[in-house]
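The first chain written gets the first letter, and so on, giving A, B, C and D; residue counts start at 1 in each chain.
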Amino acid sequence: MRSSKATIRAVLLLSCPERPGIISDVSNFLVKHGANIVQFDQHTTDPQDGVLFMRIEFDLEDDRHFAKLKGNLAAMAGEYGMEWRLSHERQTKRMAIFVSKMDHCLLELLWRWKSGEIHAEIPMVISNHNDLREAVESYGIPYYHIPVSAETKEEAEAKTLELLKDKVDLIVLARYMQILSPAFISHYPDQIINIHHSFLPAFIGANPYRKAFERGVKLIGATAHYVTNDLDEGPIIEQDVVRVNHRYNEAALKIAGRQVERSVLAQAVAWHLKDHVLVYGNKTIVFA
Amino acid sequence: MRSSKATIRAVLLLSCPERPGIISDVSNFLVKHGANIVQFDQHTTDPQDGVLFMRIEFDLEDDRHFAKLKGNLAAMAGEYGMEWRLSHERQTKRMAIFVSKMDHCLLELLWRWKSGEIHAEIPMVISNHNDLREAVESYGIPYYHIPVSAETKEEAEAKTLELLKDKVDLIVLARYMQILSPAFISHYPDQIINIHHSFLPAFIGANPYRKAFERGVKLIGATAHYVTNDLDEGPIIEQDVVRVNHRYNEAALKIAGRQVERSVLAQAVAWHLKDHVLVYGNKTIVFA
Amino acid sequence: MRSSKATIRAVLLLSCPERPGIISDVSNFLVKHGANIVQFDQHTTDPQDGVLFMRIEFDLEDDRHFAKLKGNLAAMAGEYGMEWRLSHERQTKRMAIFVSKMDHCLLELLWRWKSGEIHAEIPMVISNHNDLREAVESYGIPYYHIPVSAETKEEAEAKTLELLKDKVDLIVLARYMQILSPAFISHYPDQIINIHHSFLPAFIGANPYRKAFERGVKLIGATAHYVTNDLDEGPIIEQDVVRVNHRYNEAALKIAGRQVERSVLAQAVAWHLKDHVLVYGNKTIVFA
Amino acid sequence: MRSSKATIRAVLLLSCPERPGIISDVSNFLVKHGANIVQFDQHTTDPQDGVLFMRIEFDLEDDRHFAKLKGNLAAMAGEYGMEWRLSHERQTKRMAIFVSKMDHCLLELLWRWKSGEIHAEIPMVISNHNDLREAVESYGIPYYHIPVSAETKEEAEAKTLELLKDKVDLIVLARYMQILSPAFISHYPDQIINIHHSFLPAFIGANPYRKAFERGVKLIGATAHYVTNDLDEGPIIEQDVVRVNHRYNEAALKIAGRQVERSVLAQAVAWHLKDHVLVYGNKTIVFA
């Protein structure tokens, strides 16, 4: 810790059972620790006996007090039954990207990362194919090719976990065409974001564009969600749609869908990285 | 038929197997009968051996030639294997509206009807409840209360069919909370439009807003479709969505959804009445 | 005041210069007065030395304490340099609607009012024409016809002010085709909402749909804003657009525009009535 | 010309004064030359005495007949007073991209080009800065740095014209921050597409995001248009908007705006390259 003070921006995310005065208590706590609140967001499932969610972005004028604030917060959290996460701007999150052969979601993330819209370290991109190596390495990011087949799946996941170990805070499945096992997922609860190429819960599973074409829908969509053991059933972070019509065959739907997949995934990832998202059961609270 | 000529606007809708020169043949046919084409729309499922769809809006300078054109068209249609529909502007379509207790879709239709946006005759509104009688009768439209229960359903449908007989070209289910029997539907193929309060095929069946709330979607939608024997599975005419977030409880979703239900249903009905919609299998071609 | 307590829902809107601990101070104040915060929204123009805005929705378990809370708030506000507004759910706002000949915005407001989406008293509708009398009176709302011409404008406004005096908290210009004088507007600062039939600042002034047609835009819009002395320049509350194309002539643009005018105005009015809107200079903060 | 026949896809764009039977005449002409119509789009400003626009996409079974069809079309066009453009799929259009320092529009175009969504040759990228050389050259595209100052503008344009001469069919200004002279523009009528970072005609000229921030709009937009001598006044091809709120400062508006700039420009360019756009006065007809 340095001897001279510096201002630092921090974000506190928390949830706890509702109780009278809780907002006052939390803001008092922060003020007493020298915090200047910049942005305060709150949501309750029920003001009487529901669950309360808060996101508080604040400046700490003396960053040397951060550790103390964090320690005292742990004590307070115990008393109030809080789940919480506290981070500051210098703790850059580390994000791994998993891809297969399609590059549109990957390149969107990399472009926004390079432009500064997405603030993260990207220690690695992992793929079950070798196709996108050159594109990834041109950004100076290591690319790991880990093939997956029915026989090698367990082994491949073990190898992947080994690579990730202690190196990533978030995994983004950018059109990664493999289903992760429950064992794998259990290592990263609410830390794996997938993009599904439909407006969930419509067209769960494989080939959503074909299903959309066959059903004759007038809008197609994309859904970014946290990955759970139930395929395509995890908490939804963001969704969007784009209008189509009878002129779109399946190939045209795929092209139109790419644009919405890119923007929905990038938005969800940006929100997660900036601590705008809280998970509650199978839903999300997004303080956008 | 009058002895002096008058210009009349007409619409020809047709579908037939693709064959070379078909567009030329149809436009030649119309020109020879004195038609001046105002709007020409065309779609093919496959230019080689698919199905061709056309919508041609044209002015006939001498309305006394309409009957002859129609007769000759029937002959041409036989030769080309066409399905077709020909109507002119003075043949106002007749639309019955079925409602239950909720008034939002009904009132939207009536307001657009009165303002001239929806061009139709409305010979009757039929309801399984009596709640909306006053609202309907204030527009000078007859209101028929036909209660429906599990025991009386067959009888109620028979009575309804009797009322409709030879009087309507289109039935609009404006949040009518009864399921019509296949026998009933068979009387009005592609002539019954329903509004489903979700973005189909998501949330098929009852209580879509509750399901949407439980799933935590970030957009809710509405779908207007033709009614077939498969519940909520008929050809989709129009869909739209509206953005929601974690602050919306089920009641708030219902209120937000009302707006999109109203506009989607009214748009689909307007397109149908102006002969912009063709059904092909379980899909629609909408020449919007 | 009753002798037995009852819970009451209230909303506090306030703005003041930023200062450390202000959120804490305000929430402490509310808690000490028995408030249970239901929804807390906050915005700052600059966390260092900007202006802070808050909207706090809270339950007061004993409504007999409301007056005391209000009195003490006035004292606190002086100290902090706050501007504030405090209201509770039983203080239903009173809204006058001004119309001319077009009914679409008026009827949308009345329909949402009757359905409970818009919560207000409507003591009067005022028009410079007599056309919409029947529609308004069918809702049991008094209709006043006050013609306006260049010569009678001053007199007409005086008569209108007399009618409104002490009876309304909000005036909605639902396609009212007269320009109010600065003298008139000064009586209702930030309390007059107008719907302009374009996406402001595009197409300021008269005939926006004609201008949109001539410019060949691909989207048309509507804008709800507070009325100030600068025509169409007041703080924007809400805007939306709808897609059009080359097939839309001016008449078709007007019809398409009606839908977006209706929804934008109704949304802005609903937000105002529920105290979701704060004005800051020539902008609004909308805690939606 | 080869001695054996091959099928070729072609597009005919034309406009001419309305006259009876014109659709029939044109389709007859095509059929007689062996064309199989795949997609037929038509628009008229007035069926009586307006201007008619057509886009006809057709397959020619024997590509050796293309030249003859084109020659005969020229004769027909003279008779009917047609303006027309005929192209086939093997005549890949050549597109130059002009950029300054911002890369988002450029990279979107390059990504869609590489993915096959945008079908063109890109013989060069020209910039008044050197910043984006590496990004462009990594795609194997030549990059020309032509600095522009008030003093050197004429010379720079002359040099640019020399580079372009006979090499490009379309110039895309992908956030190129220089104003082209009327003399330059006259070489490429309806062949220069610009992206303006606002919803035109709102915020014409410099710094639209600052102006949008100061006006407090609730949506920001982007507009792709053909370049004419009147700054930001040329025919609009495509526009779109994205929702913002009081939390967006000018920097946030710019980031949000980048996404809509990218998609609007790429869409307009794709339509132009596939011959979906016709210019009429200061407007476009887009057969989308």
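To be clear about the criterion, a contact is a pair of C-beta atoms (placed from the backbone, for glycine too) under 8 Å apart; a residue touches a chain by one contact, two chains touch by 3 or more.
The chain list, named the UniProt way, goes like this: A, B, C, D = Formyltetrahydrofolate deformylase.
Owing to the predicted nature of the structure, the values given are computational and were not obtained by experimental measurement.
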Listed chain pair B-D, A-C or C-D that repeats interface A-B [over half of contact pairs the same by residue number]: C-D
Contact-richer chain pair [C-D vs B-C]: C-D
Chain B-chain C separation of Cα centroids, rounded to whole Å: 37
Chain centre separation (chain C, chain D; CA means) in Å: 42
Multi-chain contact residues (two or more partners), chain B: none
Chain C-touching residues of chain A, taken from the complex the two chains share: 20-21, 23-24, 27-28, 30-31, 36-44, 47, 59
Residues on chain D engaged by chain C in the complex (per definition of touch): 43, 199-203, 214-219, 221, 235-241, 245-247, 282-286, 288
Chain C partner contacts - residues on chain B that touch it in the complex: 103-104, 107, 111, 115, 117, 138, 255, 259, 263
